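Look at the two complexes coming up: subunit A is in both, with subunit B in one and subunit C in the other.
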Partner chain A sequence: MTDQRHHFRQPLQRSPFHPRIEAANVLNAWAPWAGYTTALNFGDVAMEHSAIRSTASVYDVSPMIKYAIEGPDAVAYLDRLTLRRVAGMPVGGVQYTAWCNDAGHVLDDGTLFRFDETRFRLCCQERHLPWLLDSAIGFDVTIRDVTEEVAGLSLQGPTSFAVLKAAGAAELADLKPFRMAEVRLGPVGPVTVSRTGFTADLGYELWVAPERALDLWDHLMISGRLHGIRPVGTEALNIARIEAGFITANADFVCAEHALRPDRARQPDEIGLDWMVDLDKGPFNGRAAIRAARRDRTLKWALVGLDIEGNISAEGSIVYLGGRKEVGQITAAVWSPTTKRNIALAQLLRPWHRDAGDKLRVEIYALRELQYHKLMLPARVVKRPFFNPPRRRATPPAMF
Partner chain B sequence: MPTPSFDTIIIGAGLNGLACAGRLAQGGAKVLVLEAADQPGGGALTAEFAPGYRVDRLAHLVTHLDGRMLSALKPEAHGLNWAVKSMPTTVLSAEGRHLTLTGAYGASAPGLDPREARRWADLRARLLRHAEVLRPLREITPPLPGKGGAKGNVVALGKAGLALRRLGREEMQEFLRMILINVHDVTEESLTDDRLRGLLAFDATLGAFLGPRSPNSLFLLWHRLSGDAGHIRWPSGGMGALAAAVTRAVEATGAEIRCKARVERLLTDGDRITGVRLEGGEEITVSRVISTINPRTTLLDLLGAREIDTGLVRRVSNIRMRGTTAKLHLALREAPEFLGADLRHRLVIAPSSEAVELAFNAVKYGEFSAEPVMEIMSPSAHEAGFAPEGHHVLSIVAQYVPFVRRGGWDAGARDGLKAAIMARLEAHAPGIGALVTASELLATPDIADRHGLVGGSWHQGDLAVEQMLFMRPAIGIARYATPVPGLWLAGAGSHPGGGISGAAGWNAANEILGAA
Partner chain C sequence: MKDTAASTVPGPSSRTWDAVVVGAGHNGLVAASYLARSGLDVLVVEKNEWIGGAAVSRELHPGVTYSNCSYVFSLFRPEIMRDLDLPAHGLQVLPYESGAVFKRDGGYVAMYRDHEATRREFARHSPRDAESYDRYSRDIMRYCRFIRPLLMRTPPDPASFKLRDMSEMAYLARHFLALGSEDAAEMVRFWTMSISDFLDEYFENEAIKSYLAVSSIIGTALGPMSPGTAYVLLHHYMGDVDGNIGAWGYARGGMGAVTKALASSFLAAGGTIRENAPVARIKVREGRAEGVVLEDGEEIRARRVISSMDVKRTFLGCMDPSDVPAPFLEKVRNFKSRGSSGKLNIALDGVPEFTALPEGSPCIQGDLHFTDTLERMERAYDEWKIGRWSSDPFQDTMIPTLTDPTMAPPGQHFMSCFVQYCPPRLEGGREWTENDRDAFGKAVLDQIEDYAPGFKNRVLHVEVRTPRELEAEVGLTDGNIFQGELTFDQLLFNRPVPGYAQYRGPVDELWMCGSSTHPGGGVMGAPGRNAAAEILRGMKAGTTKKTEMRDAYPVI
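And now, the complex of A and B:
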């Protein structure tokens, strides 16, 4: 083993897929994510986004933080920890969920995988081991950070099933959204496949032991050659996730444990996760605070999708009511190539998420050859997701 | 299943449980107090430790008894008599140069040389003035910083503010200068007599995980003085008689007290309190439960961590409970001779502030002090009934003794601790060892095991500035209410802390009556 004292010589870890990603990352567009070095793009963001929406894409999700949660009390523990009901979750099921602190402020969101009666895995953006361990007091459950023990590759796009079929996993035709299965992929061996993703498209996430990662990559690339498969970076994925209307921790909301300013933490209702909250399942972290906030109507914010006039991305803009009154800010924005609309996610002060009508204006500073053009563009609150194709849910998936 | 003829259950019939019961019953509640032991009293307990020899088993002096409780419940009308209303303190010297303080915390100290006596008079007056500022705070629900106070508390807060203003500009500055410093520095800058400095150091750190040089240790002396202004009382018949009188007074209000009824589980409907289950399985339905036992035991063991949010579990788990106090009870065939000291006084062996600090050093490293400091009280010197005619008993509070000892608490360790205490006694009362006919040692973990005092902490959580007021027992549950509707805390673990007092129970009852 290398000398741990030399950790600073390589401040960012390398994903198990790194040798392949490094070879393909022709512009050396790297960015840190959760302590790993990850690719921003592979040379052409437009083509990469196009692969997500038109053919097939692979995106390395190994840096996702993963916790193994196991034990006789795992269900009870997770029901106390998270917002949604876990007791009714089927074995082989996957749940998008979130968890809160005592004040009902969201600590993070993530996906919960159920392997059997007593074994789960929680994947998320930030590290939470102390919180998870302290939450385990009084429960017969063990919690382990398995981030480095599991490599993950997200295969997304209309031809993703065709790729998997070519790779030897035709039986995945029956796999429904938010379910997972174990398959054997030729030279790779056993792979856990979940029908999940961050794109609102047909797609899968493939989980393997790190030492099988390169075999998986190579096998998918070979199997997908005729199905337009290509690696994509975070920039292309971000466009797709905004089109999908998905939120990202510490981008669209500040994780409560990261928030320095007391007014930055958000309750689930304030970031569009109100549908998750199951107040009837028994005690869970934040229940009393969420209940009180709803009862006393102290919720301040709402997270909405905006459709903005024009084609200039509104990233970071302030949202106004009429011309003057500030009522919120854009947290993510893009001109959507798929929907051909100028879309954004925004935090708006209540009740303007509902009552603003056509009065919302977005202040955009468009930089045109070293000069800013200030624009006040009308915007409308619209339903998320902005893009939600039927192929996302079709079972069996279509062969494109 | 007994019919639910009660609307309130109080867990624990210590002074806080009794005070809370009496106040609530007077306020119209139908109260049932459940006590695990075979008699009420909690830390106020007189028991036989050898045939014919009785002592106060835990607390053996009264410095803090809540005045509101005394005037409202009138235990004096139910048999409470004070054998001593202001017990003098004698700091023992191995050379027989004892120093005796009489009156309210040494109003008179004839053994001091005249210049030191003046310096002591100045410091004493200052300490009492400062303690007076804190006194109104004892009687209120801790205010939340930034949220204003509850209606009733504005008055008490105002009183504290007024007391602070009344100190005058210079004295207020002095108060603020001294508020967080240590008792050693204060006595060093004000006094020269080691006996006096040793006493102040001892009193400030008694029952705490602090040495006289630890930051904030002066605050605990203020805390002590804010009770009965420095008077030390002892009830006729011992602490058990005090408990019995208060019990009768509480029963006269209509509250019922059931002993040998250990609560094993708090019951909820997943939302609010619905009752309690006793050891043995009996369940009692009730919508309001007030626990005066340890807050951690209450929330994590009786209720269960699952019922409360993780942040609170974390804070409750982190309440520091580090008892440092052991008790030694001695049966003596005749009166011990402390080189001329009066056995009816509170006798203190703490030769200097440095000696107290050195004694504290050991406990930091998981050992008991080789030369412990101690407080000695002899009930038999005051009254018959504690020892056979001509015989005597001593009740000794000794520290510092760790709860978790490096190497564990085996019989050898207990023998070593007893030998260390006896060696100090022998040095101050030569020949005392030969008079001992029986003894009982309660090391810190024994006190924890036998009386449910987690970590051996007499106060259900260290008394320390960072665990006081709105931080006692923990942020979020300092106003006696818990996040579980119907469950309240009212023990020594809550503001204003322990000691034979009842203040926390009384405050909680006020809060409950106000909230109802």
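And now, the complex of A and C:
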């Protein structure tokens, strides 16, 4: 589409991998994500989830919003913007981070990639250009939306390194979690590979120019044939990410700039991101508010993992203390095939994230043949991730 | 419209109505319907030979129905539609498409129903503005959520010590304080600032700002740089089409379908409407309204008189000054109801081709505008100040027949052009002439022709309306479409006159139910409903039937 005026004819954009995804999407299970049409599944969610946990899976992450942040002040700017310390980040490092407004309310979380001394890329769920530009006043830094300039493919699962080795990147054996490297993959040419992902399993994300996307897909599929590779959709990935205990913006928390109801905004401590707040690194957006909330004990919410009795998944349920008092709601839930537990992420009013003991109950309306079965199932707060295998971090990684 | 007078009304002098409502516009009919459903014997008198007021559809070219005044639908309260069963009486609301502002360089900025399409459209002009739009929409929506619960509540009198007023003041205070100090400050700024300043806080692109400013000047004798215009924008955003807040639609069959459904509901409840019955005077005896005198001298007696006319026409035009306290009259004179707009209603034998739009663009089915900078909009206003119509006018133009199949034969179309600025009187206080009116119409047609060559060849008929025509036909003083400007000084308990915001006039049993009262104009129906609520409240228990009158749907 060269004439940009015609965009309305195709309201959802197509990812650079679309031709391959379309061919494999045998049930035509599509859903919009950030303005792109994306696959919900490729015909069998259980088999796809099984590939994530047993072999290798590919998931198209091209719709992720990506901003290039570059310039002599990039480090200072990012340290001012985000919660974690950026100055100490090595070149080739990747950081899971988040950023807040002045009230200390989380605007989004995302992944920060450092390419060299002055060049970074920030990947996130939502759009933030005005915020990023306004925050750059006074810094020698440029910020550009590069979403459409970078195609991303997530390769996750115990055989993902075996696939990459077969694809010609044996040197990735040395790549540690949250590091990236540039490799040449046979017919694809240069590919940036980061050891990152959304599954809590061994896995990598591969970044290429859009015009190399189909070659990358084809090369991985050929290289992975003996290693059980298969494309997976959002439904299977979502199961894996809940097992990993990862949160998603505007699903498990509401981005502060999107919150229509002001009481929906959350501080990092209220969505389980307290560990990334570096109060000692120098000034950053939201620091005073976060510090004050901790000091004055005004934090209201906490985000926890729940282990719920039974085997009926609890999406959208209200959480009670005893039988009556509402103390929170479930933001994501699934019967976990990997852990054989009924797990969920939930927002709980403080102090019940800590003090509820065995008193939490989850109200589930299970629709079975046109009738609801109303259940009040006991639940308890457990540590996240629900699933955290040693193979996730092993360096060099195992072949399966 | 059926004149029911002949068949059902007994001799004029022999009967005393429970209520006579002056004016068969939407608010008059809403008030009348609620009262009729409560068991009152209600007569609506209308000066024209048709009903509808400013929610009217007339066929002025064979086969082509116009929305002669108001032309889009959003603010009408859904609670009223349900109470009065308007869908069963034929009211159907159609959501409409997107729209565009045309730029002088041959380009355009569009808005689409699809959020991503709008984002990408804005991004063509400014990537930053494309992403600012979400926060802007969020903030406007916050203000809407604040104001919506207030629309169907009678404003308190802040100077009163009555329990009801004090508890309503307390409600307002709680509602406001619930915002928190930061949002409360933002809200006060928003209510009082100019739309230009407000948009500058979010956007950089002039054409995008111009598009978003459209709703802030409509019907208002202010420019986008005048303080107070941000609120006018909110007033246009607080409606919805089936829960899609801020969205606008068409009443199927034209805006007259709204009053047609209301009249049908009213008649079904036992009410009576008399067309061709212009009121000369509201009769008062010993401080109490007791009926109206028509221009032909006929007297109609009633236990209460409810005026849906604007306050100026009601108190300055239809009452003996000695019946009304002088200070009240002075305040009515000071009420701002300056006319600012005109309208062209056009019958077309085909769809104009706007050269900027790519073939198949849905924007042609939406609202179209030709003012691509706020400065041009402000300059258009400058001409109004010196008593000229804008030579480079601002338009809110649309072709409802691309959405509604009922208003024109296939292939023909009705085009509605709302135009600003258009003063009620010309330079030096001179009255409009036919020549002036035609020259105004030509300026508007020429502007459309510039963007759609060949447009004029498709024109079958044009109705040109300046404030003069609006006043003469609809009765709106100075042609102000809101029966008084929607600025902060004239809202809530100050609308229309401090101390008289509870729909009661300064004379016993004289009531006001038009858009001059809270919460104002825009074809909301809320003034009529609120007035009926006050009237019924004041009546003795047991004298009325219980009827459905919902409170505002909760905002959760």
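We adopt the following convention: the second predicted complex is superposed on the first by the 398 of 400 C-alpha atoms of A that agree within 3 Å, B and C clash if a C-alpha of one lies under 4 Å from a C-alpha of the other, contacts with A are read in each partner's own complex, and residues count from 1 in each chain.
We take it that a contact is a pair of C-beta atoms (placed from the backbone, for glycine too) under 8 Å apart; a residue touches a chain by one contact, two chains touch by 3 or more.
Predicted model only: the values in this text are computed from it and were never measured.
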* Asked: Between subunit B (first) and subunit C (second), which does A:47 come into contact with in this model arrangement: first, second, both, or neither?
  -> neither
* Structure fact -> Between subunit B and subunit C, more residues of subunit A are touched by C
* To do: With the two complexes superposed on chain A, say which partner A:288 touches: subunit B (first), subunit C (second), both, or neither.
  => first
* Given the touch rule stated above, what does A:137 touch, subunit B (first), subunit C (second), both, or neither? -> first
* Asked: Does subunit B (first) or subunit C (second) touch A:375, or do both, or does neither?
  -> neither
* To do: Please work out whether A:101 is in contact with subunit B alone, subunit C alone, both, or neither, and reply first, second, both or neither.
  => first
* Given the touch rule stated above, what does A:76 touch, subunit B (first), subunit C (second), both, or neither? -> first
* **Touched partner set for A:12, first subunit B, second subunit C, both or neither** => second
* With the two complexes superposed on chain A, say which partner A:35 touches: subunit B (first), subunit C (second), both, or neither. => second
* Hey, which residues of subunit A end up touching subunit C in the complex? -> 3-9, 11-13, 32, 35, 127-130, 133, 145, 257-260, 262
* Complex contact set, residues of subunit C against subunit A -> 110, 112, 114, 116-117, 119-121, 124, 127-128, 130-132, 134-135, 138, 141-142, 145, 179-180, 183, 202, 358, 360-362
* **subunit B to subunit A touching residues, read off their complex** => 270-271, 300, 304-314, 317, 476, 483
* subunit B partner contacts - residues on subunit A that touch it in the complex -> 76, 80-81, 101-103, 131, 134-135, 137-139, 282-283, 285-288
